[in-house]
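The same chain A turns up in both complexes below, where it pairs with chain B and then with chain C.
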Partner chain A sequence: MTIVLINGFFLGVLYGLLAVGLVVVYRVSRVITFAHGEIGMVGAFVFAALWLDDGRPLALAVAAGVGVSALLGAATELVVVRPLRTKSRISVMVATFGVSNLLLVFAVRRWSLRPRFMKPIITGGGVRVSGLTIRPIQFLTFGVSVFLLLALGLLIARSSFGLRLRATALDPIAAAEAGVNVNLVSLGSWALAGALAGLSAILVSSQVVFSVFFMTGLMLRALVAALLGGLTSITGAFGAGVALGVTEGYLGYQFLAPGVVELTLALIVLVVLALRPRGLLAAEY
Partner chain B sequence: MKMNRLVRLVLIISAFALIATACGDDDSADSDDGASVDSGGDGSSEDGDDGAVPVEGISEDSITVSVVAGFSGLFGEVIQGIYVSGMETWVEELNASGGINGRQVNLLQVDHKETPDGGVAACQEVLSNGSFTAVLVQGTEAQAAASDCLNSAGFTNLVWTASDSFIDSWEHSYSVFPTEEGQGELLAQFVAENAAAGDSIGVIELNVPVYTRIGDAFVAEAEARGLDVVDVLTVEVGQASFTPQVLRLQEAGASTVAIFVTNEAIQIASDAAAIDYSPAFTGALFEFDFVTQAAAGLLEGASGLRLNATIDTSEYADFQALAQKHDRSGALDGEAFLYYGYGLLLEEVLSQAGDSPTSDSLVAAIESLDGFETGVLPPITWSGGGLVGSNAMFPTVCCSPDNTWSASGPPISGE
Partner chain C sequence: MVGSIQIGRQHSSGFAALAGVAVVAIVGMTSSEVTTFKIGLILIFVTSAIGLHVLVNWAGELSLAHAGMVGLPAFVVAKLSSDLDVSPLVLAPVGLAVGVAVGGVVAIAALRVSGLYVAIVTLAAGIAIDRFFFTKNWLIGDGNLVLSPPRLGPWELSTARSLFPIVLGVAVISAVSVRLMMQSRVGRALSLIRTDPSVAASVGVNMAVYRAGAYIIAGALAGVAGAITPLWVQRVSPASFPLSLSFTYLSVAVVAGSGSLGGVVAAAVALEGFRLFISDTSFIAAYIGPVAVIVTLTRFPGGLNQQGRWIRGLVAGIFTKS
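Moving on to the complex of A and B:
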């Protein structure tokens, strides 16, 4: 049992990391983006092409992968989200779903559907904990996640960009009247979320089956984590992701009938949202 | 929603109308075909100058055949590449060497879109596009729906495989490979023959019909053969971790794990390694080279059965040389090799159908095959009256130095 709980914890770290990206976008745009996973996936494939196929230096490949995802995030804001700003949020969400599908179609044509080998960016024997080998890439992912939580927290709470971001999130019209370039803030937050997606995907890619769909299944769980966390709380989303991973591991081990894990998780979400519609840890601006 | 229902209703009515029409055509063709053959035609059946009646898909200088697959579905891009590398290489070579009895073979791509509705639409297209016959080379529910529809229309076709429930009700659809259930049973036979005393088996199957059909048939046959099946676990599409399942099987003492999954095999093997669990992996639907190449050694030692020969054979080397001769720069792999094998089988069937092919002579040709060898597919026999061409599969083991599967013996037949 300890094995599945530890494994669930590290799986939950992946969910949490991806959920954080969803929260960054939601805080400013009030939109749940369905393109987050695919934006990250494209970045990860660019990274793999440069690092594994072309033999470019790791740092350069990571920068390029993260950069491509950041550009895709910014492009999504510029081309899809901004023109729909006066429309309902549902329209924007559906539009991001369209972006997700477009990126998938592009990726299938470019990289095919077949899985491919993805070497972890750090290798080694790993650490044995209660019968489970924790690989270096899992520790790195956890470390990067904690660093990002702190960095994002500081960025939002202490920086001028964070101040403008919070002002835009609270009331974009008032923020604009106060001199905040709302368009730039929105563009910046989508680019930031895109970069987060790219970095997350690069870290995740060697821990799951690496194909163009590798983020799709994970994003469903990340969305649940973001919802449970309250959609506005970065730490809440990350914590909910970890809790989700541990719960999933426990349920998967205890209840073997097909669909029990999914059904139970769905029930948990419904109960939490019924009792606390704003999520468990919704943050104030 | 109303619009969807209306469209569906129109489609259903159209389907029935087409099927009825096709049945009528076929009946008349059957009776007329006899005249065509009996007249001892000189191959100019379409001209009718000798009293012969035109046969759909046959002209003086060509034979038209539909190739049905998911050309635009989820796997469309991959399927297209495999088709071009495999079947088009075959047909170009065939036509360059004179075709079949002086006729060029003309392949028409028909898309089943990987959905049952798409399968029925593909069937309708085959029935109306002037094809002599059709080969259904890929797909699960979509190809079953397409072949079932063609069967209902009395249209003779070759389908790569299907479930027992379809085969039992068919008369005009010929399965190349063992049925899904037959594949599961054959694997159980293979595992039983290679099992050591005290071996126990754990099973992991993907919660998707074709996977569970093969997996369940494996379990039933394994238990019937006295093997100790300790647990059967179902996993879901998109599941990120299989640690709970492999831990369960480890705790249950399974020394062999039969997996009925595809890409998931990589994560299953990885999660098993993380808990120091190294069972003998076997199973079905994961014996693709692209799976083991992505697994990069994780599935070393896995064994199983696959439908076509591996790429470490001389037949594959011949195919590779041929593909290079035809400037194929796309996918050259085990799957393209399989499609090339379909071509060789089709070539034999069309050749046996005679100088003046008819629907009757096509059936006679198919049912004349007895242990037909391509070196790519297992020996094909339809001469006994059954609709399943082969009850054999190729034993294979992972891996060659390039992480592809290796041959581990001649095809194994069901008992």
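Moving on to the complex of A and C:
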């Protein structure tokens, strides 16, 4: 059982990391972006092409992958989200579905459906806990996630950009009246979320079957985590992601039949939304 | 004067629809087996897309579970047909009933929330259907249910051309039923709920009942489409109803825009037709769906129906001047 829970914990860290990106976008644009996973996926494939195929230095490949994802996030804001700012949020959400599919189609044509080998960024013997080997990449993912949580918290709470971001999230019209460049803040937050997606995808890529669809299944869990976190709380979303991973590990251990985990997660969503429509841990600005 | 113009427009659109059905019937009955089969697939797709059109463009609701709403009735009909050795044709009402039931269940979940959360709830329902039901051997058999050609009395309907009138008939009956409903009190109430929910509530429209009704209508049409899928394809597998299919249905509803059924038929034919008649490896066929959604939402938010109204107005203006 301990092995299951530890595995679930590290899986949950991945969900939490992805859920944080969804929350960053939602706080500013009030949009659940369905393109988050695919934006990260393209960044991860760019990273793999540079690092594994072309033999470029690791740092350069990571920077390029994260940069491409940030650019894709910014482009989504410019081309899709901004023209729809006055439309219903559902229209924007459907449009991000379009972006997601567009990136998937591009990726399938560029890199094919075939899964490929992805070497972990760091390798080594790992640490044995209760008969389970925790790999260095899992520790790295956890470390990076904690660092990002702290960095994001500081950015939002202490920086000038964070202040403008919170003002825009609270009331974009009033923020604009007060001199905040709302367009720039929105663009910046989408680029930031894109960069987070890229970094998350690069970290995740060696821990799952690496194909163009590798983020799709993970994003569904991340969405549930973000939702449980009320879509506005970064720490809430991360915590919910970890809790979700542990719950999933436990359910997978108890019920081996396929589909039970997904059915349970769907029921959790339905029950949470029925009882607390704004999520469990919604944050104030 | 205005009334006579409206009646004139209804008559002209009725004639256009009739002519369209006649063309489809002639092409379907005279083309090769492969072409007829593909046209049949498009008709089934149109039938289920009409259901989502009602839900999205009339009632202002949303569903990301539509693939499951089509797939579950398809599997139930295919499994019963296979186990009981009964023609899928006879089991079509079962498919309809399953579709209504699934629509009702999705409605119960969706009615508890509003806005973006409807998308999340219906997505969760879609995932639950896909990952739970579509993995169970008692429903999907060995994952690929193969049926023998259906029979109608002494006749075995083994060719696409022999089955085509049934599929066309189902699509036409579905479209006509929805069209009649559109002009009824139900259609007006749904439209009012979408346009202004508070006004709808103030004039006595029972919001919960009508919102649930929209999901049930969508489920019913999805059930009909699902029921005729095993009849037409004679092979059902989970790969036929991936989660991404729900996005394709939603794309059709978005590209169609609010308004008549002409838009949804045109959008369904364009998106599904490109996929079926142009090779999957084609550049246009691959990108047309997502690009159409993005361009429609950002540049033509009224969809094909709004463009159709603009073109009709332009043509009417030219004739009035001349």
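As a working rule, the second predicted complex is superposed on the first by the 285 of 285 C-alpha atoms of A that agree within 3 Å, B and C clash if a C-alpha of one lies under 4 Å from a C-alpha of the other, contacts with A are read in each partner's own complex, and residues count from 1 in each chain.
Simple rule for what comes next: a contact is a pair of C-beta atoms (placed from the backbone, for glycine too) under 8 Å apart; a residue touches a chain by one contact, two chains touch by 3 or more.
Source: prediction; values computed, not measured.
After overlaying the two complexes on the shared chain, residue contacts for A:F161 are found with neither chain B nor chain C. Contacts of A:L270 after superposition: chain C is touched, whereas chain B is not reached. Contacts of A:G259 after superposition on the shared chain: both chain B and chain C are touched. Using the contact criterion defined above for the overlaid structures, shared-chain residue A:F139 touches neither chain B nor chain C, since it reaches no partner.
In the superposition on chain A, contact of A:R109 is made with both chain B and chain C. In the superposed model, A:L220 lies in contact with both chain B and chain C. With the contact threshold set out at the top, residues 108-109, 220, 258-259, 261-262 of chain A are in contact with chain B in one structure and with chain C in the other.
Across the complex, chain A is touched by residues 62, 109, 112-113, 115-121, 123-125, 127-128, 130-133, 135-136, 244, 247, 250-251, 254, 286-287, 289-291, 293-294, 297-299, 301 of chain C.
Taken together, the chain B residues at the contact with chain A in this complex read 74-75, 77-78, 81, 207, 231, 233-234, 236-241, 243-245, 247-248, 263-264, 266-267, 271, 273-276, 290-291, 293-296. Here chain A touches chain B in the complex through residues 3-4, 7-8, 11, 14, 108-109, 112-117, 131-133, 135, 208-211, 213, 216-218, 220-221, 248-249, 252-253, 256-259, 261-262, going by the rule given at the top. Residues of chain A touching chain C in their complex: 30-32, 79-80, 83-84, 87, 89-91, 93-95, 97-102, 105, 108-109, 220, 223-224, 227, 258-263, 265-267, 269-270, 273-274, 277.
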